[in-house]
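The structures considered in this document are given below.
Here subunit A shows up in two complexes: once beside subunit B, once beside subunit C.
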Partner chain A sequence: MSTAATTETKPAAPVIEKIKVKVDGREIEVPRLTADWSGKLTPTTMIQACEQAKTDVPHYCWHPQLPVAGNCRMCLVEFGTPAMGPDRKPVINPDGTAKIAKSPRPAIACATPISPGMEIYTTTPAVKQMREGVLESLLINHPLDCPICDQAGECKLQEYSVDYGQSASRFVEAKVHKPKAVDLGPRIMLDAERCVLCTRCIRFTRDIAGDDKLGIINRGSYNTIATFPGTPFDNNYTLNTVDICPVGALTSKDFRFQMRVWFLKETKSLCTSCGTGCSTLLGSREEKLFRYTPRDNAAVNGPWMCDAGRLNYKWIQRADRLKEVQVFGKKNTWAGALYQISDRLKRAQAGSVAIIASARQTNEELWLISKLKAKLSAVSDSVARFGEADKLLVSADKNPNTNGARLTGICFTEIGSNLPQIAAGIQSGKIRTLIVFGEDVTKHGLSADLLAKLETLIVSDILPNETVKLAHYVLPGAAHAEKRGSFTNTKGRVQKFMKAVEAPGDARAEWEFLHELVHNVTGQNGFVTIEGLFNEMAKDVPAFNGLNWAALGDTGVTVQI
Partner chain B sequence: MAQEYKLILKYADEPGYTPDIECYLRHGGYEGLKKALAIQPKDLPDGKKLSGPEQIREDVKVSGLRGRGGAGFSCGLKWSFVDRRSGKPIYLICNADESEPGTFKDRQIMHKDPHQLIEGMIISCFANDVKLAYIYIRGEMPEGAKILNQALKEARAKNFLGKNILGTGYDLEMHVHRGAGAYICGEETGLIESLEGKRPYPRIKPPYFPAVLGLWMCPTIVNNVETLCNVKHIVEMGGAAFAKLGTPNNTGTRIVSLSGQVKRPGYYEIEVGKATLGELINDPKFGGGLRDGRKLKAIIPGGSSSKVLKAGEKFKLKKKDAEGKEIVVETDMLDLPYDFDSLAQAGTMSGSSAIIVMDDSVDIVEALANLSEFYAHESCGQCTPCREGALWMNKTLHRLTHGQGRKQDADYLVKTADNIPGGRTICAFGEACSWPVQSFVAKFKDEFVAKGAADEERRAQEAAGTAEPKQLAQAHH
Partner chain C sequence: MSFKVTDSLEAEVNELISHYPVKRAASLMVLHAIQAEHGWISQESIEWAAKKLELPPINLYEIVTFYPMLRQHPQGKYAIKVCRTLSCALGGAYELHQLFCTRLGLDAHAHGPQTTKDGKFTVEFVECLASCGTAPVMMVGDKFYEGVTHKQADEILGKCQ
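Now for the complex of A and B:
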């Protein structure tokens, strides 16, 4: 079980020959081959070499995870290759260096393979002029409506205009007008006038999402992105096109006009909608969540995430969130409730307590619960939640942390298999105390009548439900956006997430009150910070041995499951 | 004196010559194919054998044949780039998307002598181990498509096409595919995309060179109609004999489309370089001169994309004297030999060999506005500089020809045009749309400036109330 944790997810890459090229006079060594968008090794391109040389090459259409299109022409660079004499041998300068024959024509860095001895020039007057020319072309028919555009602040047209463009326009003709506020599908709006026709959206939905729904209609300057007539752009990945759209052409119906992006605080987090655990950024302002966007994580989701997961945040700000600690239907304090619960648990007979935790809880919380479980000789389980998987990211397991629940010993290989045993125990009177975290157990075989037989029903949850209604003790919990912690995804990737917003009212992160409860009941202590808690857990849980909170980094570590 | 030399059009215009196979056979048709199929492997000094197809390919190299579509690239060299080791099928496509304004030569061949093209194609396919070939014909030529389809049917019936051609074991099928009316489909990779059923966006090169990654990502040869017809003649007469036609490095014949303000517009087949531009325009055997009382103003020498030549322009041509020494000869534009290299030296090109003649009745700004409207309409819009630049130039020229010009518009136009060519775009359309603008304005700048100045003055008078406002045509949107 306790195999050393590793960040590797794939077998080591084959050794690839390196070649030397110069980028703006600086020599670097780059592999001759680089993995393309599909993972296939293909000749390394100039833009990839420049990236390794930490030299910015502006681009619109190129995206590392999409097939190359080469249409925006923003990445045009000049280059030269070693000059060859009539004897097909390199010509040597008097100073012993290889003579370079500069190409009379520029090349697009995104599609041109490098060759040994190649020199790439990204700062020459000609390159500067070409960039200015492309930007001028892109801007002449652009509506220049940044003040009302959602992309403002994260727009490549804005950024490159500042970095590489000209300040004044010489265009005196009438602009081309194209459709605006086009309803492309249930979640996507198109402003065709802002579009730079880079075709990233087309390539994404054709080659990544596998739904060849977008194309270009009309011709020349009147080119417009469109769907096939009568068919909405509607798959579970459409919102990724908003992310990769370098300008404000594609906007999210959910996010548009909601908040200027520069006001958003970005918090590194995870998606909790399924067991894949996509890395996300939560955009919030003043304790309000505005959007989720995917955070690039090659080991999990690449740069993508599904629409369902991305839009699954509104419940966090529902008005009926549980905000009060309640004891037998009356408002109480955390201190008061925890005192009574601790007291009851300490007095409980061994084997008379059952715990139904949730596989939506964090590794740390589940581990704390496992400490209670051990002390109380409790029977435990959590609730399975299965649905349909897809070929790209969506997992059939709709719990974000089923593996966490397994590895901490809360449930076993078949999640939910203990629930009938718990129901029978309550029925027979053997189980007299039930602790429920984040699950409406009335929907999972423990009816209201059955729960009424319990002496003590302790429920920690986020939103009201039937189980909460029956609880003797209600402990308002925190959504993942409101706390820190870690999840273990279906492939064993342990990733951590950060807190974006405060929990409402008296609601508290479960690990905080759990650690208090564990201390009261078991006498164990020492986990007042999430870092300390995680590190303690890593020592205790064999699968997590060797991990520590800091070393998880932004993209996590894969453990054996 | 320059003469017509009819090789491709030897019979096409004879009275009573019909496009059916019987007529073609009566005129020696498909003999070239029979000869090609019968070529025996040749022993080489090094003990290797040169197969029949390899010998044809060699002969095409020897012939010096250059592509007749516009770029003038060596046909033999193009064939030598074909990836023959990929294990993938090799395709041949006849580019019959003749749409360069001023060009109407391929149409003559297809309409009048379709079997010559088909024979040339079969030989080319045989030479390149092609089992499936396409004729991609311009959408606006329904008659040509009909004639070609009929001819293919006839050729199949005679077993010049199909399985086991003439008992040699060689199989070849050929189809006609009609375009849908886009100029860009003449660009070979745009054509391939279109043939694959997609929007004809030209492909980026690298990596998609047709010789390696062409139709269906297989090695593909794309040749012009006239080029493929020439292959038949190369096989019939031998590459070396073919190379004697025309001038060195500019071998064979070319069919010149002559249009504009000459007395005898039409198509004329000449040995390449054996007639000058002046002869083609003024010789009674060719254009017959300008209309009476008119003077030459400008010539577009190789289809609308080529850079314009101004009457009276002089060029320094490099030539070889009798002793083979290189000399420089100052040459008037009318004395330019009509071939690939001389026109390239004059800074323009023979392109699709379409000469458009303009006399002094032409408003050069109007003429350019007309051309630019074509390019703005035909830019596929894939890559930025051409997509936006082509329409921009057209809008400026529209303004300039509709009373809204400015003095600075000449420079403004050139600055716009300068953003497009020189490898900044995926295909050569970028050059095609900007070269006319650059060359027209460079050579006739005074006319552009004068037009803008006149407009400015008129507008000033209108503003001062000293002139009636001029009713302007609807501007482009």
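Now for the complex of A and C:
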């Protein structure tokens, strides 16, 4: 298992000498060395120099976070280096510039290191011809089944065909037919005919996931990606190969044939399945979620995410979602329920209220709850959720925002340590009101019999459970995909996420009704936008001091935890 | 057919592996040793070799599927190899191959070696057998035949009993 995708910010890199190269006549300075996929400093290549010069070099097999293979030949460019005289000194032109000796042969930009004074040419007629030639060759046995291909719309073969393709095929021979709909593993389907044999998937699973399961079998035009018979490609990172597959060869069994990708609205979000908080894109159309894909965030997940997190979205659209506000078992309105709850909380004796929030809630929501807690002198806690960690991304902490709950004072270093005290308080009659957010407390030491002793049980949740059944007030909440907010991951990275779809029925984002409740109970002014709420929280919570919503950007900010 | 490792094979493979600085380097030699003993390389034997070489089996599977001389299926008792490189192709190798396939009830157009149902014959094309002057040439097992006419081909088949 490699360290390619680290979950923390890398320490400051050592000072690296810069050298000057020209890309299409424009001089730029680039570091002589660049960190490769494993973080090791290696000589900067032409494709990296072109990237820094914002010059696009088409490629299939090259990927910044994978070892270089240099097999697709799409990135061929022409180049020249300063000419040397017989005295091993640079030859100078009459106008004083260095004479450039153009290489008679092209080179693959992905595997050729740059040198001082090098000139890279990416727009010459020869380069264009080479790209056309390579593309034509890659398409020889390609089935051209774009209309039914899931990759259509985000396919490098299509994109480069627009730039370098031909409108008519010159190929008159019979195409080689290769296996189709090959079941590579529980989540991956392979169409070998679409494959361009770039080996990104092989390198990913060998070097990043550390599970060397894929290889190329057979020879020549029969080359096919395959697993050893009887050993399914089933590690927890297989779906990343679908993302990095530049063509439609590897497809996700979950997503294939579900939706044309150009109809998807992509929303910047986070994965909530563990404390790592991978940056994600949620693909949705007309209020329905279709897929999660990882969003590149060098400080958290790199370009990867685990399969378990990626597929953990179906619950959001379950038919049995809580959609109604209920007061003592009867449907009510938000205004009606909040009025009654505010009234009860205002009249509650100090110390008679307990709050069990969820470390799946956002920083802002937990902070609002902490305001209620302070006003009511309530005892609070949250529920721990631990599982197995791995060496790449998965954290043992299955709550996405344990640190947010700690920093806002909802729970303590040992999450869940107050639960027995709350149970005892209810038992003794000291605690008469319990507010629960997103947790089924009957599974965490507060039995149904115990909950029955309460005068008031206020529950906000997303899906029905035993605690919801017993609640006097049911407040239907929103999944993270249905609201905005921020999480603090296990390493203290504060990241924000955006709303992709509407919550069903009357369900509302918790912060929306919480700010109303906090206003009613504490008199503190409400913050009607998430931006205002976050900024106010950042002023109040020491760890978040100095942060503001806008400055979180797309990839977040690391705070001291 | 289950794969059984004889003591001699185990010893030979251990010896082979000891010749190389890294175990993986012995891959081809180990596969040859298995084929020499068993006549072909089964999936079970790949798994066994992979354990020996401390590799995931896919690494060996790639090699086995790459080299046609490494057999993925049991060979017939008589292995007929017809050369199809240029001289032989011009000299009638395809007709010769077709003749064997017709006589033995095999599909001449199928990819790779074809074996008769009774397991007696395997017919396949091979690349240059290094006797371009006497095309078409072929081998049956280790025996080499040059300038093979269709009449001779039938005689060769007749001798294979």
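Note that the second predicted complex is superposed on the first by the 551 of 561 C-alpha atoms of A that agree within 3 Å, B and C clash if a C-alpha of one lies under 4 Å from a C-alpha of the other, contacts with A are read in each partner's own complex, and residues count from 1 in each chain.
By definition in this document, a contact is a pair of C-beta atoms (placed from the backbone, for glycine too) under 8 Å apart; a residue touches a chain by one contact, two chains touch by 3 or more.
Note that this is a predicted model, so its numbers are computed, not measured.
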Touched partner set for A:T112, first subunit B, second subunit C, both or neither: first
Touch test for A:I140: subunit B only (first), subunit C only (second), both, or neither? first
Touching A:N71, do we find subunit B (first), subunit C (second), both, or neither? first
Go through the superposed model and pick first if A:L197 touches only subunit B, second if only subunit C, both, or neither. first
For A:I100, using the defined touch cut-off, is the partner it touches subunit B, subunit C, both, or neither? Pick first, second, both or neither. neither
Thinking of the overlay built on chain A, is A:A174 touched by subunit B (first), by subunit C (second), by both, or by neither? first
Using the touch criterion from the header, give the chain among subunit B and subunit C with more contacted residues in subunit A. B
Quick one: is A:Y222 in contact with subunit B, with subunit C, with both, or with neither? Answer first, second, both or neither. both
Just to be sure I read the superposition right, which of the two partners does A:I369 touch: subunit B = first, subunit C = second, or both, or neither? neither
On subunit A, which stretch or stretches are contacted by subunit B in one complex as well as by subunit C in the other? 215-216, 218-219, 222
Contacting residues of subunit C [partner subunit A, same complex]: 43, 46-47, 56-59, 61-62, 65-66, 68, 111
So in the complex, the part of subunit A that touches subunit B is made up of which residues? 68-74, 76, 104-108, 111-113, 130, 133-134, 136-138, 140-141, 170-174, 176-177, 196-197, 215-216, 218-223
Touching residues of subunit A toward subunit C in the complex: what are they? 212-219, 222, 226-231
Per the touch rule, the subunit B residues reaching subunit A in their complex are 182, 199, 201, 204, 206-207, 376-385, 387-392, 395-396, 399, 406, 412, 415, 418-419, 422-426, 475-477
